[in-house]
Each structure stands twice: as C-alpha cells, then as structure tokens.
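Both of the next two complexes hold chain A, though its partner changes from chain B to chain C.
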Partner chain A sequence: MAKSLVEVHEKSKSYDWDFTVGDKTPKYPTRYIVPKTGKDPFRMLVRDYAKMEAEKDDRTYGFIDGSIRMRMADQIQPRFMEALKLTLPDLTNAEFQAVAGVGMIALSIQNQELRQGYHAQMMDEVRHTQLEMALRRYYVEHWRDPSGWDLAQKALYQHPGGLVSLALFQNFNTGDVIDSVINLNVVVETAYTNILLVATPQTAIANGDHALATTFLSIQSDESRHMANGYGTLFAVLQDHRNVDPLNEALERHFWHTHRGLDALVGWQSEYGAVVRPWTYKDQWQEWVADDFIGSYIDRFADHGVKPPTRLGKVAQDVPWIHHSTALALAAIWPLNFWRSDAMGPADMDWFEKNYPGWHDVYGGFWEGYAALADPEVGRLILQELPSLPPFCQVCQLPCIMPRPDKSEIRVFEYNGSKMAVCSEGCEWIFNRWPEAHAGRKSFWARYHGWDLADVIIDLGYIRPDGRTLMGQPTVDMKRPWTIDDIRRIGYEVKDPLAS
Partner chain B sequence: MKVASPSVAPAVRPSVSVLPFDRTIECVDGETILQAVLRQRLYVRYGCRHGGCGTCKAMLVDGDVAEGGSSFALASNEREQGWILLCSSSPVTDCTIDIGVMDLTEEEFVAGDQVGTFMTVVERIEALTPDIRGVTLRLSDPGSMKFIAGQFVNVEIPGSEDVRSFSIASTPRDPGRIDLVVKLLPGGAFSSFLEAGLQVGDGLRMYGPFGRLKVRLSYRRILIVAGGSGLAPFLSMLAELSDRGDTRPVTVVFGARRVQDLYGIDQIERLTRAMPALEYVATLVDPDPGWTGETGFVTDVIVRRFPSLEGFDAYLAGPPPMIEAVIPLLRERGVRAPNIYFDAFVPTGG
Partner chain C sequence: MSEQPSRSAGVAAPAPRETVGISLMTSADTEAAVAMIREERPDVRISFREAFYKIEGEGVIEFDMARLSERLGRPIDTDIFLVNMSTYYGRMVVSDGVVAIHSDIQPERFRD
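Now for the complex of A and B:
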C-alpha cells in the first residue's frame, strides 16, 4: 500500500549522507550560524518531481513542434527577436550560475530538509537551461535572421551586456553561501522572476512570440519552489539573532546590484525590444518588487529584524530611467552588438514621452541623430558624436551614465594603482565593502584600448557568414546593411576613458 | 460561475476547492463557505461575519453559490468580476474559490481559526467629542492579544449575540490594552448601551483581531485621510511607524464638521514631536470665525495641497461616502490603485 507523502518524505530525510573522502570545508566560509532545523515547504520527492516536470516538458516541446508546423516564427516582430539575442543568453547564463550556486548551497548547508529542496532546485536549473537551448535552436532554424543566435552564448560572454550578466549572476556561487541564497532565491527569484518570466511572456505574445511565452511560463512554474527554498532558509537562519545584521547587509547588497543589472536589461527588452508594449516597466517594478516583494514578502520578516533595503527609495527613483540609458548605450555601440539594434521611431517616442514624462528632453535628440546616421552611405557613427566613451562600472558593469546621461553619478577612484569607476553611491558602497569580489574585472574598453573598431568587431567574431556584413546593424531593416569595410573606412579608434 | 438567488436548492454536501492551496472542503446543507472552512479547522481571513466588512472577499473561479445574507461590502463591478463574500455565500454546486487575495501562507491556512475570544474589563470611558467616546478595555482572560496596528475587533453587546466592530486605536506594544473610538449613532444598539449603562469596571466580551489594514513596508510617502471616528486605526498605525523609526514623510488629513469634533490632538502632537516628517492637517466643514486652519471637505484639501500624488501610499478610514469621494481623486492624481488601502467598510460605531 502506498505510504502518505508526509511519511515518505520524513523517511527520505533519514537517508542523509556524508562523505569520508575529500575536504568537507565549504569553498567559502560563512559568517552565519546555520541551524540544523529548517523546513522544505514543498516536501518534494524525486518520484513526484520527475512526473510533474516530464509533463511540463512534454507540453513545452510539444508547443514548439506545433509552432514549427504552423510557421509561427514568421509572426514575430523583428525588433523583439533581435533584442532577445542578448537577453535570452543572459538568462541562460543565470541558469548556469544557479546550477553551480545551488550545488554549493546543498553541499554547504548541513540541514537535510533544506538540502532536499535545493537538490530539486538544481534539477530545475538544468531543466531550464535545456528548455532555453531548445528555444534557441528553434530560433536558429526558423527565425529569418539566425545570425547572432548561432553563437549567442559565446557572443554574450565577450559583450558588455554579457559582462553585466556575469557580474550579477556569479554572485549565485561566489562568496558566503547564505549571501548566495539571499541573492539567488530571495532577491532574484522572489523579487524579479515575475517581471522576467511572467511580464516578458506578455510582451512576447504581444509581439508575436508564443514559443518564448510557453517556455518562460514553464520555467516560472518552478520558481515558487525556489522562492520557498529562500523563505525556508531565511526562517531557519533567523532563529539565531546573530544572523540578522549580516542578513540585512546581504539584502542591501544584492537588492542594489540586482536592481542595476536586471532593471537595466529586462527593462530594455521589455520596452526597446518591443513594438507593442502591454505595460510600462516601471509599473511592473512597482507591482512585483515594491508591492509584492517589499510590501508583502519582506514585511513578513520584519518582526524578525529584517529591514527593507535603505536604498529602496533611490532604486525607485532610478527605475524609471536606467533602462532608457541602457538602451541609449546599447544603441550607441551597435557595431559591437551581435543583434540588429532597432531605431526608435515617432510612435515609439510618443509612447515613451507619454509614459515617462521628460523622456524626450533627455533621449529624444539621441534617437533622432541615431536614425539619421543609420545609412552607411552617411559614413558616420553615433559613437563619433560622443565626447568620450563612458567607463563601465567596476561593480555592476553598466556604463557610467546612470541613472541618466544628464545626471550621471559616476565616481572615479584608484584601487591598487589602477583607475576604476563606479556608476553610483550604491555600487561604490559594494566595492568598498567587498573589493576583492569586484576589483579583478577587466574593463571592455581596457581590453580594446587603441584598437580600430573594425579590428574589435573581427576579434569578437560578430561578422556574418559572407565574411563582410556585420551581425550588428543600426536598424532591423537590411536593405543596405553595414559591412566591415564601411567601419574600416570611418577609422574609429577605441579609447579607454580611464587610460592615463 | 454565477451567484444564484437564495431560493435555489443547494446540492447535498457540495465540495469547495480552495486555491491556491489545493485543498477541498465539504459544506453541509445551507452552511456558508466561511462556516465550513472554520468547522474543518482551517482558516481564512474574516471579520464581521455578516457581509459588512469585506475581509472574507474571495474569487469564485468555478461553480455556483447562493448569497444568503448581506453583501454590502462588495461593489457591483466586483460581483460581476466573480468576487464573493465567504461569510454570506453557500455553495449550490461544487465550487472552486481562490483566496490568494488574502495573502495567507499554507501554514496559516491549515493552522485553524486564529481569531480569539477575550474577556475584558472597561478601564476608561471618555467623551472625546460631543458624539464620540473613547473606551479603553483591559484584557483579563486571556490577558493579551497579538494584533497589528490597523486591525479591528468585534465587541459583543451584553445580553445578545450581536457584535459591533471597532478599530483599535492603541499600540500593539501594549497587547493587554485596547483603545476604541466609538461614534454615538442615534438609536444604535451599542451607542444606546454605552450611553445608558456601561461603567468602568464592567466586563465585555471581545473577538479579534480582524482586518488587513496595516502599515505597508514601502519607500513611498504616506497620505492618511480620516473622517469622524476613522482616525482610530491611524493613531495606532502612526504609533507603529514611530516605534519602527520609519522616516517616510506622512501627511494626515483629518476632516470634521466643527472644532469641537476634533479629537486625538494631544496624541498627534506627541507623535509629531517623535516624527519630524509627520504633518497633521485638520479641516473643518463648519468652522468658527476664529479658525485659521483648512476648511472644507478632505477632498478640498487634497485638491489644494496635492496637485500630484505619484509615489504615495494612501490610507483611508471614515464614512463610506468620504471613502468613495476620495478614491477617484487619489487615482486621478497618480496614486496606483493597489496602493490605496482601506478595509472595505471600516466599522466606526453603531
């Protein structure tokens, strides 16, 4: 006779294991006191897990099969698909880093109940990477311009946008294990996955991409368990009051850093990668981050000493702007992109001004100039209109034009004899508190200081199979695409703004 | 799904599936969903139990229910969207309801009824205004009640099973003391009892705590709009903000008819000293000639003082017409709908 789930789950915990070979010392020491007791709220067993996930996989892959037969890829708005060439590999990078992170967490937390939850999460993260790779294969084979999709992950890791992703998501598996839980399970998965995996599908459907919506919603269906892992771990560590201060500090750090990375990139995809925008990014943030995460989730821990991040107000102030500034930066460096960066037209500009009053004064002129220089016959790049390249932030890796180019909060400093920059007071605080975690990152501009832009593009490998045409283009229109010869003729030299 | 008339004969023991917890309960003939939930030792949020407060509002996802009592707290558009009140709805077919809006964890849902019964002793009765009384109850059995600033309690009228709901005006820091602000209503059962015979030292039975009004964690500025006895929950919530050391700017707009209808001023002054970012604005509809403060309704003050309210949380309590008038004004000036907080009917007296 089948035993009850509770009974089997309780028994499964007695199969705790320990190893006698190898070093049991965790890779990074923890400053928290982690109690042995804790709770896996989902009581997930492998038998149920496999059955449930197999069904979800069947549905998702079945949908993609149907999409191929119905030629649904032809209905996708080019602007959406092109921006996705950056953001989908960004997400896959998050999954990769999470696989490593959850492995580290499961090994380090000596608490079988929590560990069981993290084991299930590790399998989830692997499943997510597989789903995303399958989606990417669908795009490579069925989207009309596969260029960029064919080398997306490799392309990502050498692109400035990929460096934002690396700097953010490597925190999942680097440093104190409880800090990693706060970053991965609490901030990224609880505060931000609804924006990423629920709102993005809405935008995808509005822009003709149903395969992405199906895939992302399948991924999101696992996230509530990951949120519960974070919730269970927080309650466990809050049993000891000595954990409260480090926990608040970790929340402060990762809330700020996650805001920088995700509000910039997801906001960009949501509004600059869309022709039809179901709702504004700032409203998505208000609903899921300000109201749900802070107003409800963090509120539940308030009696245990957990406080909302002190920079919450500053984050709320910057959210309406930083994705516009990110869009400006990504468009300005379009020859260095592995996707076609579409120009914003009059209808887009009207939408932005209506929803973000004051937008036109800050960004309107840039987009008008951008459109005017889109034709290679003009023979000039928008990059040449900039007084200098903006340094990248040593912490979040965004260009130091945040929150807006006219209100940059850049700080330049020296560390161990090297000149560095951070984009804001929040990133400055993080750098000063954890310098060893951030000082080692080499700037994209430093890597190519003194190079001709054409040589940089060749080095990155962002050239189409004809050997001449650039992957990156300033519009989605390919009537007269830019070639490497057009760039060579301009003779633009990359200059690291921090080079002395 | 639909809401049927009460005359529809209910199915025998229809079952109700409760989302998001994937739990199914069985209702006996004529039983409301709330009664069935509590009988089966589960918990959902509820308050007045007679359709007046809206605390037990849930979404009917599938199936039919009959409305047996009042559903005063539901707006007609909410009814069309499928909202029901669990305290006044009985299933006539198998149903599915979603209580996600109650923001309960599964642990809270399965923990059973968390509303307590308390014996109290009247410690103070004070005339705050000509028609508002301050009443302090000292809890005797059990001796304390854990509550959140903004919640309310039901007080039983002795000799009957009737209860009246009142917001708690005191701070959760003293869980053995409950301050109430009672507006005297002509002919009101509790008002008559209070005026006719209630004495310091008398015993009263109290149930609670109820309601979801509370100070939300946020970065936003706070606008509080109160009228009549509606200031009560905010006295508690402001004390909570002060205790927390919350530095967000707060503006309290308190509307009354005449200067003698204002109350709680000493308490507000103490709070203002502790909270430099607290601003108190009293407005009178019928001011004396010497009054130098704001005049007119609370809506007039909002129009004059707040051309934009973007980035605000708004908390409201007072007579329903005031709440109905204020909400569209707040929306028009940029307050997001989810950031306007009030219990659908904040009980103020009777």
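Now for the complex of A and C:
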C-alpha cells in the first residue's frame, strides 16, 4: 500500500534545520515580519511533483503531435492567430519575469514548507516557457502566415504592447519580495490568470485553436499550486498584525496595475481577436475576478484585516471599456504591429453594440474609417486622422485614452525636468508612491520623435522576407498588401505628444 | 457562473460567499469525476464550457480517489486527478486519496 501523503509530508518537514554557518539574513529584505510557520495546502513533495508534471507534459505535447497529424492549424481563424502574435509572447514575458521573481521569493522566505512550494513554482514557470515555445514552433511551421511568429519575443520588447507587458510583469521581481507574492501569486495568478488561461481556451476552441486551449489549461493546472503558495504566504504574514497595512497597500497597488494591463490585453485578444465570441469580457471579469476572487477569497480574509481594493468600484466601471480603447489604439498603429490587425465588420459592430450599449457612438466611426482606408491605393493612414498621438502612461504604458477616448482621464506632469503622463488617478497614485520605479522608462514616441514612419518600421524590423511587404496589415485578407514604399509615399512623421 | 448573488464591486460585502469552485479540463478522468459528483452531490452546479467543466457548490466539494477509480475502471490518485484540474477557488486540501475545497478559510492545520 502506498505510504500516507500526510505522514510523509510531515516527516519531510522534520528534516528542516537552521544554518549554523554563514549569513542567515534573507538575500532580499522585506518590510514584512515573516513567521516561521506556513503551510502548503497541496502538501507537494518532489516525487509527486515530478510524476504529475511528466503526465501533464505527455498529455500536452501528445496533443500538439495529434494536431500536426490532423492538420488542425488549418482550422484556426486568422483573426485569432494574428492577435495571438502579441498576446502569447506577452505571456512568455510574464513567465520569464516570474522565474526571477519566484527565485527571489524562495531565497528570502525562511519557511521550508512554503519555500518548497516556491521551488516547484520556479520549475513550473520554466515549464510554461517551454510549452509556449513549443506552441509557437507549431504555429511557425504549420500556420499559414508565420510572419511575426518568427521574431515574436524580440518584436514584443520593441512594441508599445510589449511595454505594457514589461511594465506589468517586472513587478514580479521588483521591490519587496512579499509585495511580489501579493502581485504574482495573489492578484495575477489567483484572480486574473483564470480569464486568460481558463476562459480564453473556450474562445480558442470556438475559433479553431485546440492546441492553444490544451496548452493553456495545462499551464493553469500549475497556477493552481501557485495560488496555494500565495494563500499559504498570505496566511503566514497575517499572523502578525503589523503586516496588515503594507499587505493592503500592496493589494491596492497591484490590483490596479494588473487591471490596467490584463483587462486591456486579455479583453482585446478575446473579443477583437475572435470571430466567434462565446462570452463578453465584462461578464468573465464579474465571474472570475469580482465573484470568485473578491467574493470567495479576499472577503473571507476580512476577519484578518484584509480589505478589498478601494479602487474596485472604479475598476468595475472601466472594465467594460478599456479593451475597446486598446483595440482602437492597436488598430490605429497597425503599420507598427508585427501581426495583421483585422478590421471589425458589420457583424462585429452589431455584436459590440448589443453587448456594450453605447459602443457604436464611441468606436463605430473609427472602425468605419479604418475599413475605408485599408486599401493602400487610397494612400492614407488612419493615424493621419488623429489630432495627435496619445501619450503612453508612465506606469501601465497604455495610451492615455482610458477608459474611453471621449472620457480620457490623462494627467500630465513634470518629474525631474521631464514631461510625463499617466492615464488615471490610480496610475498617478502608483507613480507617486515610488517614482524611481517608473520614471526611467522611455516612451515609444520619444524614441522615434521626428522619424518618418517608414524608417521606424525598418528600424523595428517588421518587414517580410521579400524586403518590401509589411508584417502588419490592416486586415487579414488583403488583396494587395501594404509595402514599405506605400508608407514612404505617405510621409508620416512621428511626433512625441510630450515633446516641448 | 455561480447562482450565488454577484459580488458588487465598490461596496462592502454583506457577508463573504460560501461558494467554492473547481474547473476540470475536459478529459476521460474529468468526465468520470463530473458524473460522480453529479450523483453524489445533486446540489452542485456544473457548467460545461467546451474546454472545461466548472463545478461550484456551497461549503465544500470533495473528490474521493477510491470511488473515482472504481467509476473510471482504473486507478487514479490525487496527483493524476490534479493533472486535470485547471483552477479552483476556496481553500484546497490535498490529503490521502482525497481532494477537497472548503469555503472555511482557516482550518485547524493552519492554526498551529
């Protein structure tokens, strides 16, 4: 008979001992008082971990093999696959940042049971990057338009959408390690990965991408243990009442920033990257974030002093809109994208208006204009229709047209002699709390101020192998694709809106 | 989605929800687990979403591996059961042959 998990787990903890030589100080200091006690709800042991992960890999890679045999990539909706060229590298960046973050946490938490959970998590994050790279290899070799997939990670870090990802996920390994746990394990993994990695697979299946659905669901099965790491750490630090205030502050900060980055990008992928939409993003947010995370998790910690974020109501107000504004911004800069940015047609616009009443008044005119200018023979870009380029938020890196272009909450200010902008009161609060963490990032527009748009595209390297055709296109079914010569003829000059 | 009242954002919660939930990716193991829980706990709510099943109930949801093995026709332990679990909410407890999710946030084991 197999040995009792409970007994073996208890025995393994008895092998813990204090260091008798060397520096006992945690490598990364924390302002929290971290007690020695703490529990892993999964009672994870290395032997069980290895067995479980081997089975997961067998199933997931086996499915990708099957997808190749059955030529399943041919079933994927082009619009879904094109949007994924941005969001999948975004996720891989999150995994990279989490590897570093979890390493810091494991080095600093003086509690063997929790530390073991974080060691397993670190291996998980590496596994996730491998799974995502395998998926990308599948797309490069089997998707009909691999352009963009071939340089996606490099392309991401140059692109404004990639800066949203960098700004958000660098929080995993920047600052206080317990703050990083609140960000990574509690807010991102317990609240937000559910929409990305559980609900979005339903959209993937509806749009023909079964390999993505299988891979994401397998990744999320590891995230479940990461949620438990967050829970175990939360409970450990709540044993000391002096930790309550900093914990609530960290929750406030990371909940706002995560809302900005992930509600914008995941909402965009799931609705503007889909032809078939099984649900609305706002409903998914209500279910997984407001009901399951706040209602069944954070509210249950109320007796221990944990409070829901004070900006929760504002987040709920903005969630129905910010991904539409993100879609508008990403479509407006389509020549700078490393994917084809599909136009929204009449059926899409009807769906948006039906599910987000008032949508057409704010966004409908833009999409009509976008479609009208899609043909390069027209010789004009939608960018030329904008009064000016919107500044990017110094904190979340979204364009300052949030929550909606007609209700922008932009704030412009000077910091150390430089003009900067933030998109909202929430991001302004985050900036002022720790300006040094955010002030150094150079804006995409500042980097290319005064450049011809054609030269920006060449500098980014977003050109197809023929040396002329752009990676980015304004629809997924161009009869005559745009080339760099078409852009050069227009003569559009990038102007940083914050330049004096 | 849970049939419990939605959590209104921006206002204090009258009382924390007692609801817990688990999402199992669609597979043979999962279909057996869903059939079992449907029989054992007619009160739980099960929603099929192509790629996964979301199972939600009040207080506690529990899967016994011995009973699941019998239904499946081959042995399954907690490790392999967890391969099928994409996510959950509530308090997870993995113990000998049982995976359970509780709404009670602080069990005895965490009080020491």
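Heads up, the rule we're going with is that the second predicted complex is superposed on the first by the 479 of 500 C-alpha atoms of A that agree within 3 Å, B and C clash if a C-alpha of one lies under 4 Å from a C-alpha of the other, contacts with A are read in each partner's own complex, and residues count from 1 in each chain.
To be clear about the criterion, a contact is a pair of C-beta atoms (placed from the backbone, for glycine too) under 8 Å apart; a residue touches a chain by one contact, two chains touch by 3 or more.
This one's a predicted model, so the numbers in the text were calculated from it and none came from an experiment.
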- [ ] Return first, second, both or neither, reflecting whether A:287 touches chain B, chain C, both chains, or no partner chain.
- [x] both
Open item on the list: I'd like to know which partner A:295 touches here: chain B for first, chain C for second, both or neither.
Closed with: both
TODO: Kindly classify A:201 by the partners it touches after superposition: chain B alone (first), chain C alone (second), both, or neither?
DONE: second
- [ ] Report the partner of chain A that touches more of its residues: chain B or chain C.
- [x] C
Open item on the list: Contacts for A:313 in the overlay, against chain B (first) and chain C (second): which applies, first, second, both or neither?
Closed with: both
Task: First (chain B), second (chain C), both or neither touched by A:178 - done: neither
- [ ] Tell me which partner A:167 touches in the superposition: chain B (first), chain C (second), both or neither.
- [x] neither
- [ ] Applying the touch criterion given at the start, work out whether A:72 contacts chain B, chain C, both or neither, answering first, second, both or neither.
- [x] neither
Task: Shared contact residues on chain A - chain B and chain C - done: 41, 283, 286-287, 290-291, 294-296, 299, 302, 308, 312-313, 315-316
Task: Complex contact set, residues of chain B against chain A - done: 103, 106, 216-220, 311, 336, 338-339
TODO: Using the touch definition up top, name the residues of chain A that touch chain C in the complex.
DONE: 2, 4-6, 37, 39, 41-43, 48, 51-52, 55-56, 59, 190, 193-194, 197-199, 201-202, 204-206, 213-214, 217-218, 220-221, 223-224, 227-228, 231, 235, 278, 283, 286-287, 290-297, 299-302, 308, 312-316
Task: Complex interface listing, chain C residues touching chain A - done: 1-2, 4, 6-11, 13, 16-17, 19-21, 23, 25, 27, 49-52, 77-80, 82-96, 103, 105-106, 109-110, 112
Task: chain A - residues contacting chain B, complex - done: 41, 283, 286-287, 290-291, 294-296, 298-299, 302, 308, 312-313, 315-316
